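After this come two complexes, each holding chain A, first together with chain B and then together with chain C.
== the complex of A and B ==
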């Protein structure tokens, strides 16, 4: 019905539209960016504080997400149990939930009297604090890490783990010395994705940590606050910082690609 | 030196397998695909649940997990760890041995020299030929200081010349180390070349072949299906 050339043109139209849409958004943000004042704005105390807080909270959230998500992913990949489908779906849920709603749930839990009392006794301040921002980011980012880890370990040929066992490695050693390094490229991609998600997290952070300048003001919160108060220049600079971060993350993910040991065809040197 | 004794082993296709392999013997298990040969090796290594009992030198090892059995297992696909060099593949296999760093390095060098793979020490599996991988995998299996060596059709993917050369080398190493070995194959010629004693496996049952080796029948087993 259609030759390859026609098919190429048919596919080119939606591709072009998609590119146009994205370029349009970027152009819209560029036109409004006050280029002459960008450097000054970047150096402003508020932007520096927002950037620092974003890096700190997203970094901490990524570490926690990895600590939770990697073992959880391994567990789900390697075990069959009653209710697995339910647990599996439940862990994925925050990825499909509106972050605002997830944050609202977290806010209600943290506001509950017994939880508040326990946190007070332990001296942990989560609500309206940077720690709350970390928790909100973990809630949204950890399922990504779990999902990625699960896929990575499920794709790993289990016989490598069996071979390691016959070599005298205990299950913990098998995980650390064999499974984890073999799954490393995918896990690294997951980690980068997880961090990017934490950097851009807004809804849940707003609910739990609030939007207080210089205290819980991450870059997305800074965009929101400055848009609300009419400081368009500041909002745009923050927005561009987020966009550049996202672009950098995608580049890194493509660069991570395949590890050295999986590269190229085997070099035959003779038996 | 370890004697292996299996009593009424049942697992998946296996049906009441009884077998004794005396110390230092190379026992070849011959049979068509799907007969249960690999399953039996997995059972001995502790990788599959089973019924019956397994003894090493009279000690029952049924309760020992795979990492405690000290079984050198050469898988059909070799399963060299792709993210590790040959040297590190061997080092991983020695992780459980109580040796100093220096002793480990010496042992690795000795093993690699014995199998002629010293030049491959820093190569990754993807950078090696089939025969080189076989040698590296055999070195790794031996690096664990195993009581029993289990070999699951390790030369099946090689051309006949390389396979023949490696069989001769294997036989030589097995003789020198006097390590009790079970070698699984469906290749009649391979079985004749290697076996001290031979068993035939079909549909999960183990039957004796006339022994000693000189009395092997000339007809190869038929492949199933």
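== the complex of A and C ==
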């Protein structure tokens, strides 16, 4: 059993099975894809609108997730306080929640009389609008950014930060000039992961923004609507657009060369 | 200790696998519209007790279920929210027989705090009303709603008030009950089941033809006799009483 060759074969079987499963899924999706109609479908106004909206909402959601997640991750990595375990777990919670449930929670909060009145006074339209889609995606993606940032900052060698402080840099300057650049590869891959999650988000978006064609119809919602109306070809083209987006994102991650996705074990950054 | 852990893990895995296999072994497999869940659950439970046969129900949007039946080519009975879906399968030669059960009547569901503002179909055209409709391609009630608006002669004015289209009737009912919109064209049964939060405004009969809920025995059924028996059970007088409890109306009413 300890023979390296035997071990290699033992590992090869599950690897092969996993690859077979994924290839099987992709093959299943390609068999049904109406190739002759693909170009027409891609050019259709509905698909172009869904793609544009998906890119816009997921891009905006990623920016908000970074703005919220990076400082939150830094705070959690650098501070010990009473109830930290609870807060830490709470921030992770949306990752384990069914997005549909998270969306329902958002819907209940935003439709509450007092919240709705406040938003109306401020002129902010979140429910049933593309902004609602962004908010739903933030709820699902921001915990990923927080988790990634927390790991990135926790892995940094604090001596660099301490040295910078003794040389006269203020904490904010240390964060911007030392911590952020050192954690950049992991943060970038976290950002890409966040974006990928936002692109594929369905349940929460459906609840908060609705499924209005040409208004709140993102690609995952287009897949669902077209599946429900029996337009399987259209649904599959949207699905392939999503798959290709995901594939592109993973390629970018490898290109970034993040320690999260590199072949070897993660190294202690700055060590 | 390690052996014990392996043993426990193995036992749990076998149990999980066994349960999954059990779920697909024998009995009847039916596909039913998600909006019919409560009455169908009760009636199927009674059928299981009577016959001693297991019935596995796959709930979902009728359109999604149609796609699933097309792709899988398996299952015994199909109970969508509208006859339209059965007709689609019938044209493909996938239906053995079908039996109408109840009517799916469209009504205007109005948020309980907005009842003064919407009392007729025409009120949906009033400025400031926030209306939700079903996606006409994805939902049977979405198509029905559009045809109601066309017959009312106020389609354009009413469509201007549509703030959202939904993918399922339950999603629309949730928007109304939460006050996200003032009103929506939904099923009578959906309003009936949320009557504490949604008021019902009937739509004149000349504006629509009620959708028919029917049970269709599929050609691919492995047990057509038992499937037919269940179909009969679902359309019996006793079944009608159960459907009525959830707001559905008999075909002759």
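Everything that follows uses one rule, which is that the second predicted complex is superposed on the first by the 255 of 271 C-alpha atoms of A that agree within 3 Å, B and C clash if a C-alpha of one lies under 4 Å from a C-alpha of the other, contacts with A are read in each partner's own complex, and residues count from 1 in each chain.
What we mean here is this: a contact is a pair of C-beta atoms (placed from the backbone, for glycine too) under 8 Å apart; a residue touches a chain by one contact, two chains touch by 3 or more.
Quick caveat: nothing in here was measured; it's all calculated off a predicted structure.
Once chain A of one complex is fitted onto chain A of the other, the partner contacts of A:122 are absent, as it touches neither chain B nor chain C. Touch criterion met: A:210 reaches chain C, while chain B stays clear of it. After overlaying the two complexes on the shared chain, residue contacts for A:45 are found with neither chain B nor chain C. In the superposition on chain A, A:182 contacts chain B only, with no contact to chain C. Within the superposed three-chain model, A:168 lies in touch with chain B and out of touch with chain C [touch as defined at top]. Legend: residue contacts after superposition of the two complexes on their common chain; A:159 is shown touching chain B, with no touch to chain C. Looking at chain A, you'll find no residue that touches chain B in one structure and chain C in the other.
For chain A in complex with chain B, the touching residues are 157, 159-160, 162-171, 173, 177-178, 181-182, 184, 259-264, 266-271. Chain B meets chain A in the complex at residues 45-47, 65-73, 75, 77, 79, 81-84, 92-93, 95-97, 124-132, 140, 143-144, 158-159, 162, 165-166.
Interface residues of chain C, counted against chain A in their complex, comprise 61, 63-64, 66-67, 70-71, 88, 132, 135, 137-139, 163-167, 171, 174-175, 178-181. Within the complex formed with chain C, the chain A residues making contact are 32, 104, 107-108, 111, 113, 116, 127-128, 206-207, 210-213, 216, 221, 224-232.
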